[in-house]
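See structure below.
To keep things simple, chains are lettered A, B, C and D as they appear, and every chain counts its residues starting from 1.
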Amino acid sequence: MSVGIVVVSHSRALADAAVELARQMLPGRELAVEVAAGTEDGGLGTDAMAVSAAIEAADGGEGTVVLMDLGSAVLSAETALEFLPDDVRERTTLSAAPLVEGLVGAVVVAAGGASREQVAAEAARGLAPKEAQLR
Amino acid sequence: MSVGIVVVSHSRALADAAVELARQMLPGRELAVEVAAGTEDGGLGTDAMAVSAAIEAADGGEGTVVLMDLGSAVLSAETALEFLPDDVRERTTLSAAPLVEGLVGAVVVAAGGASREQVAAEAARGLAPKEAQLR
Amino acid sequence: MNPEELTAWLRRFAELVHEHRDELTALDSAIGDADHGANLDRGMTAVLAALQEAPPADAAALLKKTGATLVSKVGGASGPLYGTLFLRMAGAVDGGFAPALRAGFDGVLARGKAEPGDKTMVDALGPACDVLDAGGSVAEAAQAAADGRDATVPLVARKGRASYLGERSAGHADPGATSTALLLRAAAETLR
Amino acid sequence: MNPEELTAWLRRFAELVHEHRDELTALDSAIGDADHGANLDRGMTAVLAALQEAPPADAAALLKKTGATLVSKVGGASGPLYGTLFLRMAGAVDGGFAPALRAGFDGVLARGKAEPGDKTMVDALGPACDVLDAGGSVAEAAQAAADGRDATVPLVARKGRASYLGERSAGHADPGATSTALLLRAAAETLR
């Protein structure tokens, strides 16, 4: 089992495209990556209940790392924690990492069997490749 | 005239969705935001010539701030600089800021008439709202 | 408190939100993403539908359902914030409106981490709670919320989307403080 | 160098890339995003089409067009890298193949900021340039590039997508070093 990844965004299109980009790095490999994005009617927004469901779906026992786009998505994700069973909540990490850049690194190390702490740390250094290239 | 913004991504869908999300913060306001994303055949990739054209299109005289998704997008953007007229190149800033988070802040301050340095600085602090919310 | 008076309050709030939908959106258009009216209208419409569909047995269940609906349906930052307000009220409603609203306010503070003066709904909700805790009437609390909303006009936003605007956020009332003033006005019109 | 021999080189490289497309993609599938074969095949197909459409008058113009086409059509990191290689070769081609390739290699280093041992195309291109600069034949340079490619197998990637894998990138040849070995093999087969 690997750590699961959850993408919380105001935009369904953004989340789906980010996941597609990241999954490129997993040719033929499996990983639970769940999306909670957009409002029910297809607009821009987040839904704490959808985040909660996505976390439960992505959690295979090793916990999840949750990436969010903007501050209000963080509020929804924090609220989502309240609706999770205690054991699932305790193994959920909300990450302030850059959504797109962090996701790519996170899926690679998660698929490699890294721990939740390692996945979150890799997401957090998501800007490093761009910074190194621009130095 | 405002500073223009350019979004360079491997994914056209990702770039378009990020711009839609950011433009929400500019109800009724104008701003040049150009996208260079994806390969000609709709696949995932970047194109230095398309980046160059996007920078020229976004530059209204005050220069541009260019946001990129991953390291290889930085290589394309750096290559794109070679194909720009000297004056345009000199007022182009390539930013290592988080693509989505930085873009939202960048468009708001750019639309407010900020300088290129201010726009780049705002993009660079794109993770601050998430970090503050998660502290 | 009984479910009937709470339902009356929520109905009136939904009505006021619907009436002021465009005004709330216009305020959010000046310093945000132009959706606060649409967000809250969608959320409160969903709340009324949920309460209608399966009327909760008691006040706590009703507030819980209200909160759970808002965190799901509003879409913006005000969703988890108003949602948490009602979820926390559910745990304190046995003591009456004043302690329930105070518990809700504490929930909003914990969720959003805003401080008074950050130009948020906190600036309308806090003064209302203070009035109630000091023994004031709900009408007086509603007036305090309206004054708090007005006092957000000159403030520079330090939380939420409006904070992206920096100094440019000054000169406009905060959308969330404005809707909170409506929440208290609805209370003054429906609760004794 | 004349445009005819350069065209022969590029044609042969395009052929080899096309033949090894699946192998390059399989290598990139192990430590990247499984597109290097498709990327370079698309890029070199576009190069041949561009050269055919409007045959450049001299070697420099031909190399420039090749580079400009690759930076546009490849899509991956190898686009700006191979593109820069050819663009810089254009400025040094008057001195012959060896100084041109060295100038191209310097361009790749400046563009990608990789160092020898980072498990990239640099590890195949650098040794080839060293052989040529020391007066070796193009065939010897091609052998050095192939050896450089083989030497990437145990390395841990420190640049490009493969670097996301950390230690897990060891045990596989680098896709870009593999295609660079093909570029030098094509040179050995077409240039004296």
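Here is the rule we go by: a residue touches a chain if its C-beta (ideal position, glycine included) is under 8 Å from a C-beta of that chain, and two chains touch if they have at least 3 such contacts.
Small disclaimer: the values here were computed from a predicted structure and weren't measured.
For the interfaces A-D and A-C, the C-beta contact count is higher for A-C.
Per-chain Cα centroids separate subunit B from subunit C by 36 Å. One simple way to say how far apart two chains are is to compare their mean CA positions; for subunit A and subunit C this gives 30 Å.
Note: centroid distance subunit A to subunit B, computed from Cα atoms, is 23 Å. Chain contacts: subunit B has residues 10, 24, 44, 70-71, 75, 78, 104, 129, 132-133 touching two or more partner chains. Counting only residues that touch two or more partner chains, subunit D has 33, 35, 161.
The complete set of chain-chain contacts reads A-B, A-C, A-D, B-C, B-D.
Those residues of subunit A that touch subunit D in the shared complex are 24-25, 27-28, 104-105, 108-109, 112, 122, 129, 132-133, 135.
Residue ranges of subunit B in contact with subunit D, taken from their complex: 10, 39-41, 43-50, 70-72, 75-76, 78-79, 82-83. Subunit C meets subunit A in the complex at residues 33, 35, 39, 42, 68, 71-77, 79-81, 83-84, 87, 111-112, 160-161. Looking at the complex, you find that subunit D touches subunit A at residues 29, 32-35, 113, 161, 163-166, 168. Listed in rising order, the residues of subunit A touching subunit B in the complex are 9-11, 13-14, 16-18, 20-21, 24, 44, 68-71, 74-75, 78, 94-101, 104, 126-127, 129-134.
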